[in-house]
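Across the two complexes that follow, chain A remains constant while its partner is chain B and subsequently chain C.
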Partner chain A sequence: MEAASVLERRNFNGLLDALTARGYRPIGPVLEAGRIVYGPIQRDSDLPIGKTDIHDGGMYRIADRPDDALFGYNLPSDSWKQYLFPPHSRLWTATKSNGSFTVAAEEIDPPRYALLGVRACELAAIRVQDTVFTGAFPDRQYNAVRDDVLIVGVNCGQAGGTCFCTSMGTGPQLTDGYDLVLTELLDGDHRFLVRSGTATGADILRELPLTPATPADCAEAEALIEHVSGHMGRMLDTDGIKDLLYDNAEHERWDDVATRCLACANCTMVCPTCFCVTTEDRPTLDGATAERWRTWDSCFSLGFSHIHGGPIRTSVKARYRQWMTHKLATWIDQFGTSGCVGCGRCITWCPVGIDITHEVAAIRTEEAVHAHR
Partner chain B sequence: MTTAQLRSEPMLTTPTRVLARTQETADTFTIEVEPPPGFSFRPGEFTMLYVYGVGEVPISISGDPDRTDTLTLTIRAVGKVTEAVGRLQPGDPLGVRGPYGVGWPMEAARGRDVVIVGGGIGLAPLRSAIYEILNHRADYGLVSIAVGFRRPEEILYVDQVHEWRQRFDIDLELTVDTAGDTWRGPVGVVTRLIPMLDFSDTAVAMVCGPEIMMMFTARALRDRGFAPDNIHVSLERNMKCGIGLCGHCQYGQHFVCMAGPVKPFSQAERLFGIREL
Partner chain C sequence: MRKPKLAVWKFASCDGCQLSLLDAEDELLAVAGAVEIANFPEASREVLPGPYQLSLVEGSITTPHDAERIQQVRSESEFLVTIGACATAGGIQALRNWADVAEFTRSVYATPEFIDTLDTSTAIADHVTVDFELRGCPINKGQLLEVVNAFLYGRRPDIPGYSVCIECKRRGTTCVMVADGTPCLGPVTQAGCGALCPAYHRGCYGCFGPAESANLPALISELRRLEVDDATLVRALRTYNAYAPEFRAASDELEVTG
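Entry: the complex of A and B
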């Protein structure tokens, strides 16, 4: 690992300047309509200074911190997939000609994003989507954006009420895959411990007014991570989880969750790994051209499983089971990794507070009871 | 992975045109399409068909894999896109992507007896396998085919089915679920034909039809000594992309578009048993 340096809080804009000077468009946390979301960042003042977010099942609110931390929140409601994999995009356009038509792929010239404030679970989620989008048929648009992305990770300084990254082995510390990683230190002088993970990251650091990190700085950063690890809001026992869910496809708990779930699809929209899309083909008004679009879709929508006779998953039970089993079990068979990184968004943003960790625990406990009979 | 691969649009369709159209039954038709340049396929694979401005739909190939001059697809008009395909006439444009998926185990079947069981439009993807076998007849052992339709008017490829019945190098049994007085063949579900089929215990079975029919057929074959690994069924799920990117075709852990549609019954049985999976 690259030796750590210290960037003083007052020099933080220097980092933003270095990113923009290289042609990157910084995106990071911004406070908007009572929540923290990702948006364009020009100056440090765009960040949610002195704010934090409180998460629980179906509950979210913004609160003041006793300090002026720039990254003192847990996790925005939206995820980086908004940028890497936009909710709505045109894939190609067909044009009528000579009794037939021609097709042209959408021209893509994506902005070069610098993602500022990527948490460990979020980097894990990006890597999960990398696996999805670089398979046998690599996704052109995703990879075009992804290839040029610069990742500025920020280690968590606190765990949220719905976080369980330690259970999923994805956090709270960023260990690799970033260009730069920051740990915000608030004891004494407000400062950042910084490290580079790539040559580009190292180049950027060379332009900043840094001082070498002292052993005390490093110890403080380590203590923070340890504290965060010990204060996860949730926990999920992943032991044998694939077989647990495969063996319990007909468990009564699915009926129980179906009485609570509204099939609103919020969980799939906020989930940083969910990648399902539908396609839409539509002619333009004069019919001279026709376009293919793709839009985020959700396994909670009734039409999702439609085949000629009607939908396969008519019950909410079947739809919730599909979602949770995909996240935690079938994903492992499909992509060699869990589809859940433990970010807790689906718990926070579920209007009725359905909690993936509780649902697994319920199946596990009740299964154990059955097993002992 | 090269940049060129990364940068080509995998969802781009290739414009081509309809060469011929045959109405098979009241709601089912077969179209011949000019194959996109370099197109070739294996029996059981499917294509994504695009109708200008309307949409795209997965259709399995029902033609002869040895013919490169035409791409044959049999389609039941049951939705917006399939109905639009049904309105296309010779010369009309349409788009094709593919072929995609894992088809019938033609290689594994070489040198062995083959049992083919089709229900309704399930005969369409099996027809490609039958062509392949007849084109290379000496490569296979006994070939027994059982096909079932709901009513005599719904028999697909009716002339061809009767022609195959006359052949001495294959055995074809035909049944319908219900029929009027003029029907002279057997009446009943296709699984009832299974006791009449001849095969050795190393035979390979290819089964396609409604899920419930595939399940009962596979079980009946198993009862007659088939190893579940040697029975192949064709899964069906909603498909929006055909290439593992839309998530719609998931059936348990499988992406039907990539790992299927054809799967051994040993893997499909558990899935068939779970309602609304």
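Entry: the complex of A and C
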């Protein structure tokens, strides 16, 4: 690991300047109509200064902090997926000519994003999507955006009410995969402990007015991480999770969750690893051209499992089970990692507060009861 | 090859849905190029004789005369698509289905004997076979063009039956129910509007009717938790799609239990 340095709060704009000077478009947390979302960042004043977020099942509120922290919240309502894997994209256009047609792939010239404030679980999620989109079937559009992305991670200074990254082994500390990582220190002088993880990150740091970190700075950062680790809002026991779910495909808990689940798909839309899409062909009325579009879809929609003859997952029970079993079990067989990074978004943003950690726990305890009978 | 004839038929409605076609300014010429417009009351009084390859039916059935007229329209139409909440669910005027229509006519009209109306406002599908139902109050013009386009190419219209929430999230709107505690019908309402209301910090009013897997009991218990009283819930469910089966069953149930 690179040696740590200290960036004073008053010099934070220097970091933004260094990013824009390199042609990056910084995207980070912004306060918009009482919620923190990702948006363009030009100056430090665009950040949600002195604000925090409160998360619980189906509940989110913004609150004031007693300090002027720039990154004193946990997670915005949207995720980086919105930028790396946009909800709509045109894949190609076909044009009719001389009784035949030609197909032109979409030209891709994505902005060079600098993602500012990437949390440990979010970086883990990006890497899960990297595996999906760079594996056996590399996705042109995803990789075009991803290749140029610069990641400025920020370690969490608090745990959110629905967070369980420690359970999933993804946080709260960023360990690698970033260009730069910051820890916001608020004891005494407001400052950031910074480290680079790549040559680009190191180049950027060379331009900033930094001082070497003292052992006290490092100790403060470490204590913070330790505190966060010990205060997770949720917990998920992953021990033998694959077999647990495979063995309990007919568990009565699935019927129970189906009575509560709206099949609204919010959980999949907000999940930073969910990648399911549908494609639509849109011909013009005169038939001269046609476009193929790719749009976020969800395993909670009926059309998603429509094969010839009709949908195969007609019940909500089957759809919830598909979602959770894919996230936590079949994903491991498919991609070698869990599909869940423990960010808690699906819990917070489920309008009825259905909680993946509670659902797993219910299956586990009820299974134990069955086993001991 | 002769162009297919498109006819628009009006029953009990406000004309808002057919106006969506007129409103498709940029695409209207292309539509006129692809089909022969045989009947379109909002655009022209001329009615060409049938049969019609594509009929778009707006409005609900509220009079004995209309109940007969829809049979005629059906018999002359190869492909019949209902457009809008009135035609697919009976519309806002279906509120009469819970009331005494004779009482209404007595209090509104000076000579109620002249009024020849049914006790109910019902969907077109309650009277004739419908080939496709396009939802919305009003319909979305992009979806209407998609239906016309799909008809022209003999493909299934790409009109998803999932919830408004999916559109809400795709456009990057933060959920008003979770972030503000604002009651929202989005989770039980079919997509199509592009999640317009939540983008303006309001809950969904249910203009596109019940979504494919609408779980009304689950949403109702959540809305009660947000302290919406049962009378308000009944009113929320009894708007443009009051008589859509899922909304109707839920509001009736609320009246029984509430």
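Convention: the second predicted complex is superposed on the first by the 371 of 373 C-alpha atoms of A that agree within 3 Å, B and C clash if a C-alpha of one lies under 4 Å from a C-alpha of the other, contacts with A are read in each partner's own complex, and residues count from 1 in each chain.
To be clear about the criterion, a contact is a pair of C-beta atoms (placed from the backbone, for glycine too) under 8 Å apart; a residue touches a chain by one contact, two chains touch by 3 or more.
Predicted model, so just to flag it, every value in this text is computed and none were measured.
Chemist: One more residue to check, A:G34. First (chain B), second (chain C), both or neither?
Modeler: After superposition on chain A, A:G34 lies in contact with chain C alone.
Chemist: Quick check on the superposed pair: does A:V352 touch chain B, chain C, both, or neither? Answer first, second, both or neither.
Modeler: Second partner only.
Chemist: Output check: A:A249 vs chain B and chain C. Expected answer is one of first, second, both, neither. What do you get?
Modeler: A:A249: touches chain B, not chain C.
Chemist: Output check: A:H326 vs chain B and chain C. Expected answer is one of first, second, both, neither. What do you get?
Modeler: Once the two structures are laid over each other on A, A:H326 reaches chain B alone.
Chemist: Taking the superposition as given, does A:D64 touch the first partner, chain B, the second, chain C, both, or neither?
Modeler: A:D64 contacts neither chain B nor chain C.
Chemist: If we overlay the two complexes on their shared chain A, which of chain B and chain C does A:P283 touch? Say first, second, both or neither.
Modeler: In the superposition, A:P283 contacts both chain B and chain C.
Chemist: Could you tell me if A:D239 is touching chain B, chain C, both of them or neither one (first, second, both, neither)?
Modeler: In the superposition, A:D239 touches no partner, neither chain B nor chain C.
Chemist: Quick check on the superposed pair: does A:E107 touch chain B, chain C, both, or neither? Answer first, second, both or neither.
Modeler: neither
Chemist: Give me the intersection of chain A's contacts with chain B and its contacts with chain C, in residue numbers.
Modeler: 280, 282-283, 287, 297
Chemist: Residue numbers of chain A touching chain B in their complex, please.
Modeler: 91-92, 94, 96, 99-103, 105-106, 132-140, 143-144, 147, 249-250, 275-283, 287, 290, 292, 294, 297, 299, 304-308, 312-315, 317-318, 322, 326, 329-330, 333-334
Chemist: Where on chain C is chain A touching in the complex?
Modeler: Residues in contact with chain A: 27, 30-31, 33-34, 145-146, 148-149, 152-153, 158, 160-163, 165-166, 169-172, 174-175, 177-181, 184, 186-188, 201, 211-213, 215, 217-219, 221-222.
Chemist: Which residues of chain A touch chain C once you look at their complex with the stated criterion?
Modeler: Residue list for chain A touching chain C: 32-35, 37, 58-61, 77-78, 82, 87-88, 259-266, 269-270, 280, 282-287, 295-298, 300-303, 316, 319, 348-352.
Chemist: For chain B, which residues are in contact with chain A within the complex?
Modeler: 1, 5-15, 17, 50, 52-56, 76, 78-79, 91, 93, 95, 236-238, 240-241, 243-248, 250, 252-253, 255, 258, 274-277
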